[in-house]
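Look at the two complexes coming up: subunit A is in both, with subunit B in one and subunit C in the other.
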Partner chain A sequence: MALVQLESWMALAPTLLLALSALALFVIDSIDPDTTNRPLLAGTATVGSLASLAVAVWFITTGVGDPARRGELALFGDQLIVDQMALFFMVIVAVVTALISIASYDYLRGHVYQSEYYSLVLLAATGMSTMATANSLVTVFIALELASLPSYALVSILKDNRGSVEAGLKYFLIGALSSAIFVYGISLVYGATGHLQLEAVAENVGAEGFDGLLGVGVLMVIGGVAYKTASVPFHFWAPEAYEGAPAPIAAFLSSASKAAGFVIAFRIFTTAFPLEAMTEIGFDWTMAFVVLAIVTMTVGNFAAATQENVKRMLAYSSVGHAGYALIGLAGLAVDGGQIVLAAAMMHLFVYGFMNTGAFLFVAMAEYWGVGRTFEDYNGLSSQAPVACGALAVFMFSLAGVPPFGGFFSKYFLFTGILETASGNPWLLAVAAALVINSALSLYYYARLVKAVWFEDPVAGRGQLTQPTGLYVAVVLAGVMTVLVLPGFGPVADAAYAAASALGP
Partner chain B sequence: MATAFELAPAIAALPLAAFVVVLLVGDSMPKKGAFAGIIATAGSLVLSLWALATVAGGEVYNQELYEWAAGEEIAFHFGILIDPLSALMLVIVSLVALLVHVFSLGYMNEEGETGLPRYYAELGLFTFSMLAFVYADNLLMAFMFFELVGLCSYLLIGFWFRTPSASSAAKKAFLVTRFGDYFFLIGVVGIAATFGTLSFAGESSFVVAAEEAISGGETLFGFGAETWVTILGLLVLGGVIGKSAQFPLHTWLPDAMEGPTTVSALIHAATMVAAGVYLVARMYGFYALSPTALAIIAFVGGFTALFAASMGVVKDDIKQVLAYSTISQYGYMMLGLGVGGYVAGVFHLMNHAFFKALLFLGAGAVIILMHHEQDMWKMGGLKDQAPVAYYTFLAGALALAGIVPFSGFWSKDEVLYDALILGLEEPIFLIAYAMGLIAVFFTGFYTFRMVFLTFHGEPRSEAARDPHPIGAAVKLPLIVLGVLAVVAGIVNLAPIAKLTGAEIVFLEHWLDGEYGAVEGLTYHEYHELMGHETSYIGSETLTMLLGAALSLGLAFAGAGLAWTLYNVPEPKEHTRRLGRAREVLGNNYYQDEYQVWLARDLTLPFSRTADRFDQSVIDGVVNGVSSVSLFGSGRMKRLQTGVVTNYAALLVLGFLALLVIFGINGGWFV
Partner chain C sequence: MTVAVEYYVLLSAALFCIGLFGVLTRKNALMFLMSVEIMLNAANINLIAFSFYHGNLTGQVFALFTMALAAAEVAIGLGIILVLYRNFEGIDVTVPAAMRW
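And then the complex of A and B:
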C-alpha cells in the first residue's frame, strides 16, 4: 500500500542516498576547505547511511524485490537488479557504514583529512551497495572498482604513518593484480558466451563450444571474487591492510567490503553459471569453492591462533570467516542448497555487527593509546567495563558460542551443509573443517577475553577517557549482536527468501 | 470481564512480583517486605478460590500460553492446566503460603531476625515456583519448576547460613534431591523422545500416546511398550522419591529442619515435599498403565511409612519428630496412590497439608514460648501457659494420629482400606498394608509422646516456667489451620457414606469429574486403565468396619501407651529401655552412614580413577592437538613475509595450481 507510485529507478534509493551524502560532503569541503567540524562531517555521513538503511529496511518490509509481492526490479536494460538479496546486503553495508561513521567521530580527532575521509567512506559504500545490485559482469566490475579505489586511499589515509602508507600500497598492488585477473576472466567469459549480462551469459553457457575457455574465465572470476572477500590465496593483502589501516577502516573493509564481495559471488555464480550447464561442460565450480572454503578457513584460523597483535589476529579471523561464508557456495547443488546459501547470508549479517564491533574496540584501544598486543590489553575491564563486556560478546559470538548471533548462523551453516552432504560427500570434509576451525578459533578469541577480563591491569596506565562516538558504536554493535538472538526469525526469513529467489 | 482462567497466570505471577519487589526494595519496606508477600499470596488465594469455583461450575482450562522452542518433531511450551486436581492444590498451596507469611510476622519479624528481605523474597520465589509447578500443563515445565522449588528449598534451609549445620543441611538437601531429579530428567527426555509430546492432558498427551502404544502392542526402543512405560515411570519416580523424601532418599528432610520453622511448615511439610506425590497424581494415567510401577510405589510408600514412624519414636527434638512424621505420612500417600486409591492419596495429601502445617507452626509457637529451645525434655507444662497453642496443636496431633473424627482419620483410613481390599485379591499387597497398619501404632505413640512431653506435666526448665508470650500473628494462622484440621475430613466421609448411603463423598465426585474435568484425568478412567480387581471379607461394609476398627484400635493403643508412659508430672526417658534398638533407631538405621560410605569409599575412588583417565589420556590428546595446531599456526604465519612481490608470486602460483587441477580435470586444454 504505497501512497505514491514511485519511479522504478527509485528502487536504487539506498545506493543513491549514500552517493548523495558523499556529494554533500564534497560540497561542505568546497565551502569550507580542510574543515574540522567533526559533528557536521560525522553527522552527515551517519545520517546518510542511516537514511540508506531506513529506506532499504522499508523496501524489504513493503515487499520490494519479493517476487510474490512487488516483484524484482530490473533497471537499465537488466544491468542492475533490485531483489531481496540486493536489499539484504544493502542493509549490511548501510549498517556497517553507519557504525563506523559514528565511531570515526572520535577516532578522527585532530586528523587533517576529515571530509575526504568521510566522503571516501561513503563512495566506497556506494560502490558496495551497487555491487549488491549489479547484474552484469560490467556493472559488477565497475562497482567493484568503485568500492576498491576509495578503499586504497582510506587504508593509507594516515599519511605520516609508515605502516598505513605501506599497507595501502600493498593493498593497491595486490588489488591491481587481482582486478587484472578478474577483468581478464570477464573477457574470456565474454569471448566464450558473447554476453556480459548475467542471465544472457547463463543462456549461452556451452552454446558456442568454447568450454575450456569458459572454464578458465570462470576460474579467473572466482579469483576476483576471492580477492574481494579476502579468501586464500588472494588474501595476502588483508592482514597487512587491516593492520596498517585506521581501525574503523579495517572494520569497514573486513565487514562491509567482504559482504559486498560475497554478494557478487552469490549473484554471479547462481545466475550466470548455472550448475547444471557448467557440470555438463566439465566444470562443477562448487568443488572449487569446497577447496577454497576449507583452505581459507584453515589458513585464517591457524594463522590467527598465535598472533600477538590483536588487530592482526582479527584480520586473520576475518579471513577465516570468509572461509565460513564460502560454504554458502560450496554447498549449492543442482536441486537445492539454498539453506546453506541463506545461512551464509545470515552469517554475513551477524558478522557485520560482531566483527565491526571487535575492530571498533581496537579503534578505541588505539584512541586510548594502550598498545597493540594482547599483553597491552591486560585488565582493561577494570577501567572500561562496558566496552570490555561488549568485546566479550563479540569474541564469543565470533567463536560461535551460544546464545549469541554468531552461534546461530554457524549452526545453520553446519546443519545445512550436513543436509546437502548426501549429494556431495566432499561437503562432509567442509563440515569437519568448520567444526575443527571453530574449536581452534575459540582458543584465540578467548585469549583476548582472558587478557581483558582476567589478567592484572598493566601498571602505570593512565586514566582512560570515554569517547562518546566510539562507545556508542561499540555498545550498539554489542547490543545488536545479542538482539539478533530474539530477532533471528525475521533475519533468517529474509535470508531464506533472498536465497530461494536466486535459485541455482 | 475477565474470567478466572484468563487471570490464572496471575496466580503464580503475584508472588513473583512480590519476590522482585522485596528483592529490590525490601529493606525500606514496612515489616521488611512481609506485607508484599501477604498481599501477593492473598491475591493468589482469592484467584485460586475463584478458579476452584469455576471448575466446580463445570469448566476446565488447558491452554498453551507460550511456545519457547520448536523443532520439527517436538515443541516445548509453557501452559496452564487447571482441572479439579490442580485447582484443589492451588488453593492448598496459596492458603498455606498466606498463613505462613502471616505467621512469619510473629516468628521472624518480632524475634528481630536479620536478612528479612532475603527471607521474604525467597518465600515469594518459592510460592511462585510451587504454584507454577502445580498448574504446569506439561512435564518439562513441571520439571523446571520442580527444580526451582528445590533451589528455594536450598536457599531457605540455609537461611541462617552462618551456622555451619544450616549450610551443610542445605547442601545435603540440594544434593540428595538432585540425585533423584537426575533420574527424573532422564525420564522427561525419555518420554519426550518416545512420544514426541510432554503434555499431561488432552488428545496429544504422552499418557494417551503411551496407552495407544500399549494397546497397539508396539515395541519401543527394543522393549515391549508396557515395559518401556514402566521404565520411564520409574525414572520419573526417582524425582518423586527425592522430593517427597521417600526411602532411600529421605535422609535430607530431617536435616532440612535447620531452616526457620515457618519454612519447615510451608516447604518441608505442606507443599514442596508434596510436589513428588502430586506429580504421581498429576500423571496418574501414565502410572495406571504400569502395574509394576504402581506396585513399586505402593511398597516404597508402605515401607517408608513404617520405617520413618519407627525413627520418630526416639527423637527428642520436637521438629525432628515432626520431620520423621512427615516422611511417614508421605509414605501413606504413596501407598494410597500405589494401590489405586487415587482419591485416598489426594485426600490424605490435602489433610496432611493442613494438619502438618498446623503442627509445624504450633512447634514454631512452642519454640517462641521456649525462647528457642527445641528439646522436648526441657519443656513440659505449656498447656496452661499457652492454651491457644495447646488446643490447636492437640487438634493437629489428633488428626495426625488418625483419631476419629479428626481429618487425618478419614483419609488415612481410606488409604489403608484401599490397600486392604486390593491385598485381599492380590495377597502381596497385604504386606504393604501391614506395614501401613503397624505404622499407625507408632504414629499414635510418637505423636502423643510429643504432645505430653511438650505441654503436659511439670515445667522442666526455666524457660518452660516463664514462657515468652506469643502474638496475634502467631495465633491466627494456628486457629485457621486448627479448624481445618478438625473439619477437613468432611469433604470425603467415605465410611459414613457406605454405611448410610448418603451422597457425601464430595472429594471423590470432585476428582471423578462430576463437576467438570479434563477428559482422561478422572478417577474412574484411571480405574478402568488399571483394571484392579478387589475383594472383601464378607461384604464391603464389613471389610470397611473391620479395617477402620483395626487402625483406630492401633492408633488408640499407641496413644494410650504414650499416655501411660509420658502423661505424668515427671516423665522419664523410657526409650532407654529399648537398649540396642534405641541406638539403631537413634542413628536412623545408619542410613546417613551408608550413604556417606557410598559417596566416600565407592564413588570418590571411582571419580579419582576417572579423573586420572581424564587428566592423562583425554587431556593428553587435547594438549597434543593444541601443540600441533600452534606449531601449524607458526608455519602459517610465515606465509606472510611482508614482501609484496612474494605475495604476488604466491597468489599467482595458488591460482595456477587451481587452474591446473580443474583444467586437467575438466579437460579444458585438449
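And then the complex of A and C:
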C-alpha cells in the first residue's frame, strides 16, 4: 500500500522536524548573529512546526501506532514509543508552536534576541514532543528537562523588564525544586522495582518488597507531574510566570507545556503503575488524583474569579483547566475508565486552541499597549471587532458554553465520570465539583467579554494598529475552536483509540 | 562485607532533607541552587546504591544523565541569577515580589 517503506526511526519525524528547524535557526544566527530579519526567522519556525504537524496528522491517518493497522513502534530498546497517544499529543504541541511562531512575528518587533527566541521555542517544543513518546522514566526525565530549560530562559527573555526577570526566577526556582523531587521519586521507584522502563516497572511492582519506598516514590512522581501541569500543590509558579512572561510564551507554557505534562502523567500512571498491582500493595493512586483534581479546579477557579489583571485571570483559569484534565486519571479504574481518559485528552486538544487564542489576544493588547486590567480592555470591540469576536469565542468555549468545542470536551468528561462512578463513589464529588466550577468560571469569562463588548471605550485611547501575524494567529485559533464542532468526530475517535490502546 | 542498601537510602534521605531545608530557608539565590544540587545528588546516591543492589547498570547510567542535566540546569539558573542581579542589584530571592496573589 505504501509507496515507500519508511525506517522505523522515521516515526519520530514530527519531533525530529522540530529539532531540525531549531538547528536551522542556530545556523541562521551563526551566519548573521545580529539578524533582525523577522520574516525569515518567524517563517522558519512556522514552517518547521507546520511540517511537524503535517507529518503527525499524516501518520495518524495512515494508521501508524494503531495496533490494528501498522502497530505501535517501540524504538531504542523500548525507551521511546510512537503510539496513537504520542501522535495525538505531538499534534497538539505542533499546533500550539505554529500559532506562537506566527504571533511572535509582531510581538517581537524591536526585540534584540530574535533568533534565540525562536530556537528556544522550537527546542522546548522538541522536548514536549519527546515527552509524548517517552516510555521510560529516563527519557521522561530528559524530555521534561529539555522542555523546561528553554522555557526558563524564554520566560525571562525580556532581560531589562523586572516583571519578566521576576517571573523567570520564580519559574526556575520552583522548577528546579520540583525536578529534584521528581528525580528523587524516580530513584525510589527504581529502588523498589529495579527498572526504569515503564513496562518493566509495571511487571516488578511489589516484587522486590520495598512497597513503602515505592509509595513515597509514586507520590514524588505525582509532585513532578503536578509542577509540569500547573496543578496543586505545585501551581504557585503559574500566575507569576504567565503574568511576567511575554504573552506568546505564556500561551505556549499554558497550552503545550501543560499538555506535555499530562501525556507523561497518563503514560506513567497507566503503564508503569497498573492499578491492579498498586491496589494490591495498598496504594490506589486514583484517590490521590481525585483529591488533586477537586482541589486544583476549585483553587484555580476561585482565585481566577477575584483577579483584576486579565493575564492573571487566564493564568488561574489555566490552573482550573488542569484540574479538569486531571479527572482523566482520577476516573481510571481496574476494569475501565478509558472514556474519561479520552475525554481528558479531547479537553487538552480543544484547550490547545482556545487557551492559546485567549493568551494571544492578551499579546495583542500588550502590543497595542492598552493596559492589563479588565477596565483597560473596556470597549476594545469598537476598534478591533474581529479580534474581540474571536475573544468572545475563546471565553465562552473556555467556560463550556454549548456551541463551542470546550462544551463537548467537558460534556464527555462529565458523562464519562458518571458512567464510571459506580465503581468509585468519590467520582460523584468530582462530577459535582466540575459542574460548580464550570458555572463559576462563566462569571469571570463573561466579565471579560462584557468589558470588551458592552462597556464604553476608555477615553483617550489612540488608534489601534492591525498587527498581521497576531491577527492571523488569533483568528486561526478562533476558527479552529469553532471548527472543532463539526470535526469533533475524528478528534474523539483519535482520543478514544489512543486511550483504549493505553488501557489500564 | 558490604553496607546494607537501607543505610544508603537513609543517607540519601538525609541529604534530600538537608537540601529541602536549604531551599525553604535560604534567601540567597546561589545557596538555593546549591541546595537543589544536594537534592539531585541524594537521588544519585539512591540510583547508584540500588543499581549495585539490583545488579543492573540502568541506575548508574541514569545517574550520569542526572549529573549532565543538573549542570545544564545550573547554567540556565546562573544566567537568570545574573539578570536578577542586574535588575534588582542583589540576588536575594525574596526581593522580587511585585507580583502577589
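The definition used in the following text is that the second predicted complex is superposed on the first by the 504 of 504 C-alpha atoms of A that agree within 3 Å, B and C clash if a C-alpha of one lies under 4 Å from a C-alpha of the other, contacts with A are read in each partner's own complex, and residues count from 1 in each chain.
One rule holds in what follows: a residue touches a chain if its C-beta (ideal position, glycine included) is under 8 Å from a C-beta of that chain, and two chains touch if they have at least 3 such contacts.
These figures come from a predicted structure and were not determined experimentally.
Contacts of A:302 after superposition on the shared chain: subunit B is touched, whereas subunit C is not. After overlaying the two complexes on the shared chain, residue contacts for A:63 are found with neither subunit B nor subunit C.
Of the two partner chains, subunit C is the only one touched by A:156; subunit B is not. When the two complexes are overlaid on their common chain A, residue A:141 makes contact with subunit C while staying clear of subunit B.
By the touch criterion defined above, A:443 lies against subunit B but remains apart from subunit C after alignment on the C-alpha atoms of chain A. In the superposition on chain A, contact of A:385 is made with neither subunit B nor subunit C. Contacts of A:177 after superposition: both subunit B and subunit C are touched. Contact with both subunit B and subunit C is seen for A:239 once the two complexes are overlaid on the shared chain.
Within the superposed three-chain model, A:211 lies in touch with subunit B and out of touch with subunit C [touch as defined at top]. Overlap of the subunit B and subunit C contact sets on subunit A: residues 169-170, 173, 177, 181, 213, 239-240, 303. Residues 137-138, 141-142, 145, 149, 152-153, 156, 159-160, 162-163, 165-170, 172-173, 176-177, 179-181, 183-184, 186-188, 190-191, 194-196, 208, 213, 239-240, 243-244, 303, 312 of subunit A are the ones touching subunit C in the complex. Subunit B makes touch with subunit A in their complex at residues 626, 629-630, 632-637, 639-640, 642, 644, 647-648, 650-655, 658-659, 662-663, 665-670. Interface residues of subunit C, counted against subunit A in their complex, comprise 5, 9, 12, 16, 19, 23, 29, 32-33, 36, 39-40, 42-44, 46-47, 49-51, 53-54, 56, 58-59, 61-62, 65-66, 69, 72-73, 76-77, 79-81, 83-84, 86-88, 93, 96-99, 101. Of all residues in subunit A, those touching subunit B in their complex are 169-170, 173-174, 177-178, 181, 211-213, 215-216, 219-220, 222-223, 232-234, 236-237, 239-240, 281-283, 287-288, 291, 299, 302-307, 440, 443.
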